[in-house]
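Order as written gives the chain letters A, B and C; numbering starts at 1 within each chain.
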Amino acid sequence: MTDHDILPPSPLPAEGGDGGPLRSQSEAGPALGRPGGGAILSTVGLTRRFGGLVAVSNVSLDLRVGEVHVVIGPNGAGKTTLTNLLSGDLSPSSGEIRYAGADLAGLPSHRISKMGIGRSYQKTNIFLPFSVFENCRLAAQSRTPHAWRAFSRALGFGDINRQAEAAMEAAGLAHRRDRVAATLSHGEQRQLEIAMCLATQPRVLLLDEPLAGMGPHESQRMVELIQKLGAGHAVMLIEHDMDAVFAVAHKLTVMVNGEVIESGSPEAVRASPAVQLAYLGGEENLHG
Amino acid sequence: MDFAFFLIQLLNGLQYGLLLFLVASGLTLIFGIMGIINLAHGSFYMVGAYLAWSLAGMTGSLSAAILLGVVLTVLLGVALEWLLIRHFYDRDHLYQVLLTYGLILVFEEMRSVIWGDDVHGVPVPALLAHSIPLTENLSYPVYRLVISGVCLLLALAMYFLIARTRLGMMIRAGSSNRDMVQSLGINIKLIYTLVFALGVALAAFAGMINAPLASVFPNMGGGVLIICFVVVVIGGIGSVKGAMAASLLIGLAETFGQVIEIEVAGFKVLPELSGMIVYVLMAAVLVWRPEGLFRKL
Amino acid sequence: MHAHSRTLNFILIAAAVALAAFPLAGSTFYTQLITKIMIMAIFAMSLDLLVGYTGLVSFGHAAFFGLAGYALALMVPKYEAASLWWTLPAAMAVCAAFALVTGALVLRTRGIFFIMVTLAFAQMVFFVFHDTKLGGGSDGIYIYNKPHLKLGEATLLDLEKLDHFYYLVLALLVVAFLVLRRMLGSTFGHALVGIKVNEHRMRALGFPAFRYKLAAYVVSGALAGMAGYLAAVQFGFVNPEIISWHQSGAVLMMVILGGMGTLYGPMIGAFAFVLMQELFSNQAWFGAYAKHWQLAMGITIILVALYLPQGLAGLLQKVGRKKEAAAEPDHD
C-alpha cells in the first residue's frame, strides 16, 4: 500500500472484535499502539465566551495517539467552537491547551498547524478552482522548506508531489487527480477535505462532521478511513451519524450547552442516565 | 494660547468634526448595510456644493437652494442606485471600486461641462452672517455654530431612525441577512435604494451647508473622500458611533494641529506637517486595533 | 492558473520581436508612445501581482511609482547625468523599503479596509511631496540630464537617445515579465494564489499568510518603482500628480481592462488604456470635448466593471477555448 508515507505502521488490527468490521474497537484497549502513553493533546478547563454567551464551558478532554475520540452533542453544544479553539481559529477566554509540552492557547492557526495539528471543516473549505492534486500539493507544500522558493518550479519538487499523491490515495481520490475541485460531488469534496489535512502529515486530526451529507456507500468508505487513521494518529471526531460513531469510537464525550456532561468509553456513555436524559430525550436511539 | 483663542479652535474643531461625521456616516451606512464601497461619495459632496452655489445664485436664497438641492440629490442617488449600483451588490469589492471610480471621473467632467472650472464663493445667508462676541477682540461666527447644531440634530435623527424605528430595524436586519429579510416579505430592494439615497444625500447636504465656508472648486470631493476613509478606518466599518468618535478626533486633531507649534531639531513639525496628523492617527489605529475603535453597527 | 500554452508563448515572442523592430520603422512620436505604453505595462504587471494573484486590491500603487521618480530626481546632481547602474536599483530599494514599512501596517487590514488604507497612505505620500519643500512642492523637480549606463569610460547606454531608452525599457519589460512568470510558477507563487482563493484555509494548512502577502507587496512595490523611475526619465520631470489617486485608478483600470490574474493581460490593458487616452483627448476627433476626455474614460471604466470583469484577456481566452472545443469535439 502506498499510504505508508502518512500512516505509521500500527499494531492495532484494522478489523477485529466480534460482530464484524463496524463494531467499536474499544475492546482492543487504548493501551496498545501509543508511543509513550499519556495524552498528546489535552485541554484543561477550556472556556470560550462570546459576550454573554458561554459557548464552551470548562471543557477538559484528552486526545491520545491510536485513539479516536468522538464528541457528540446536539446542535449548538459548542463542538465546533471547541474544534476552533484547538485549531487556533479562536483563542480561549480561559483554560489551557497542552500539546507536546507547550500551551497552545492564543497561538495563531498556522503555528498550530505547523506543530502537527490538522483540521477538516464542517463546511467544505477547499480550493474550489484548483485541481484535486493542486489542493493536496499546496497542503503538502506547507511542510517543506521549499515553501518560500521563488524561482524553482513548484511542480518540480518530487517530495511534495509524492506527499500529495499519498494523501489523495489514502482518501480514495487518486482517480480524481486532475478534476477541478468545484466539479467534484459533495462526498468527494468531503474526501478532499480530509486529504488536504492528511497531506500536512499531522499527529492530531480534528475532523468536524466529515460524513455530513454523504450517502451510505461514501459514509462506509469514510468510516473505514477514519478507523485506519485512528491507528496512527490522535483523532478527535465530531459526528452526528451514530452508526459511524460507534464503529470508530474508542472514547466518547457528550457535550450539551457548552459543557461536558459525560466522557468515557462508549459503553459507559451509552448507559449513562444523564446522557440519555439530556441528549436523547427519546428522539435519537443510542442503542442502535 | 489664551482661553478665547482655545475656545475658538475647540469650536472650529468640533464643527469640522461634525461636518466630517455627516459625510462619513453616509459612507459607513452604505457600506455597513449594503456592502458597497462608494468612492464617488466625495463627488456627491461636490455636487451638493455646486448645486448650492448655482441654485442660490438663481433663487437668491441659500435655504431654498439647499432644500431644492437635497431633493435633486436624492433623485440622483435613486437613479444611480437603480441604474448601476444595484448590479454590484454581490460582486467583489474590486468591481465596486472600479465602478465608483469611473463615476468620479464622470461626475468631475460633468461638473466641468455644466458649471465650468472656476472657484466660486457662496455668501452666508444674511440672517446668519453675524458673530457672537467672545472677548473684547474675538468673536465667533454664528453660521459655524448653526452648522454644528444642524449636524448634531441630523446625527440624533439618524440614531433615532436606525435604533428606534421599524424602518431602522428593517435596515439593520437587511444588513445582516439580506435573503432572510426578503423572505419575510420586506422589500429589501426599496430599503437599499433608500439607504443609498440617504447616504449620498448626507454627503451632498454637508457640501451644501459648508459651501459658504469652504467655497466651491474643482476636485473638492477628493480631499473629503480620503478623510472619510480615514474616519471609517479609525472608527470601524459600519459603526455610526465609531464614525462620530473618529470624526471628532480628527476634526479636533487637525484644527489644533494647525495652530500649535511643535519644533523638533529646529524643524517646525507642527504646523508644517499638520496634514500628516490624519495619517499618523490612522497608522496608530492600524498598529493597535486594525478593525477600528468600534465594531459594526 | 493555466499552463503556458504554446500558442501564448508564440504570440508573446512575436509581440516582442515586433516591439524590437518598431523603432526602425516608426516615427519619433509613436516610438515615444510605445515606450510610454511599455513603462505602463511594467507598472500594471506589478499591480497584477497584488490584485490578480494575491487578491490584494491596492488603490495606492501610484505611491511607489512616484516615490521612485522622486528618488531619482533627488539623487541626481542637478546638471549632471546620473548613473543607471546604481540609481535604478537605489530607487527600487527605496520603494521596497517603503513597501515593507507601510505593508506591515496596511496588511493588518483586509478587503475594503485594505483598499481604503492603501489609498490613504498614497495620499500621505502625495501630501509629503505636494505640501512640503522636500520635493519642490507642487512645482515638482526637473531632471535635466537623463541617466546613462557607463562601463569604465565607454557609454553603453545614453538615455537621452530615444532608441537607447526604448530598448532599455523593452529589455526591462521582457525581464520583468519572465521573472514574474517564473516567480508565479514557484512554490511562493502557488502559495500567493492559494491565499487569494482561500486565505483562511491557507493559514489552517500552516502557511504564515501575512508574511507571504508582505513579500508580494514588497516585490510589487519595487517593480512599480522600476516603472516610475523609467517614467521620470521619459518625462524629465516629476511632480506630485504622478502620485495622485488618478494614477492609482488608471493602473488598476489597466489591470482589470487587460485581464487580471494573467501576466500578459495588464500589458494588453496598458496598451488599450493609453491608446484610449490618446484617442479621447484627440481634438481632431472630439473637438471641444477633447478636454473632457476623462468623461469618456470614466464611462469606459464603468462599462468594463459592468460587462468585462475578466478583461480583454478573458475574452481572448474564451475565444481560444471555443476554438479548442470546436477542434476536438469528442474530448472528455
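The rule we apply is simple: a residue touches a chain if its C-beta (ideal position, glycine included) is under 8 Å from a C-beta of that chain, and two chains touch if they have at least 3 such contacts.
Keep in mind the model is a prediction, meaning the values are calculated, not measured.
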Fill in the blank from the handout: Among line, ring, star, complete and other, the chain contact graph is line
Problem - Central chain (by mean CA position) - result: C
Exercise for the section: Specify the chain pair with the maximum number of C-beta contact pairs. Expected result: B-C
Practice task
Determine the centre-to-centre distance between subunit B and subunit C, using the mean Cα coordinates as centres, and give it in whole Å.
Solution key: 33
Problem - Interchain centroid distance [CA atoms averaged], subunit A/subunit C, Å - result: 45
Handout entry: Inter-chain centre distance, subunit A versus subunit B - centres from mean C-alpha coordinates, in Å
Key = 50
Fill in the blank from the handout: The residues of subunit C that touch subunit A in their complex are 1, 182-183, 185-191, 194, 197-198, 200-209
Practice task
Using the touch rule from the top, collect the residues of subunit B that touch subunit C in their complex.
Solution key: 31, 37, 84, 87-88, 91, 93-99, 101-106, 108-110, 112-113, 222, 226, 229-230, 232-233, 237, 272-273, 275-276, 278-279, 282-283, 286-287, 290-291
Exercise for the section: Would you mind writing out the residues of subunit A in touch with subunit C in their complex? Expected result: 87, 89, 108-110, 113-114, 119, 125-130, 134, 137-139, 141-144, 146-155, 157, 160, 196, 200
Exercise for the section: Please give the residue numbers of subunit C that touch subunit B in the complex, ascending. Expected result: 51, 57, 59, 105-106, 108-109, 111-113, 115-117, 119-121, 123-124, 127-128, 131-132, 245, 249, 252-253, 256, 292, 294-295, 297-302, 304-306, 309
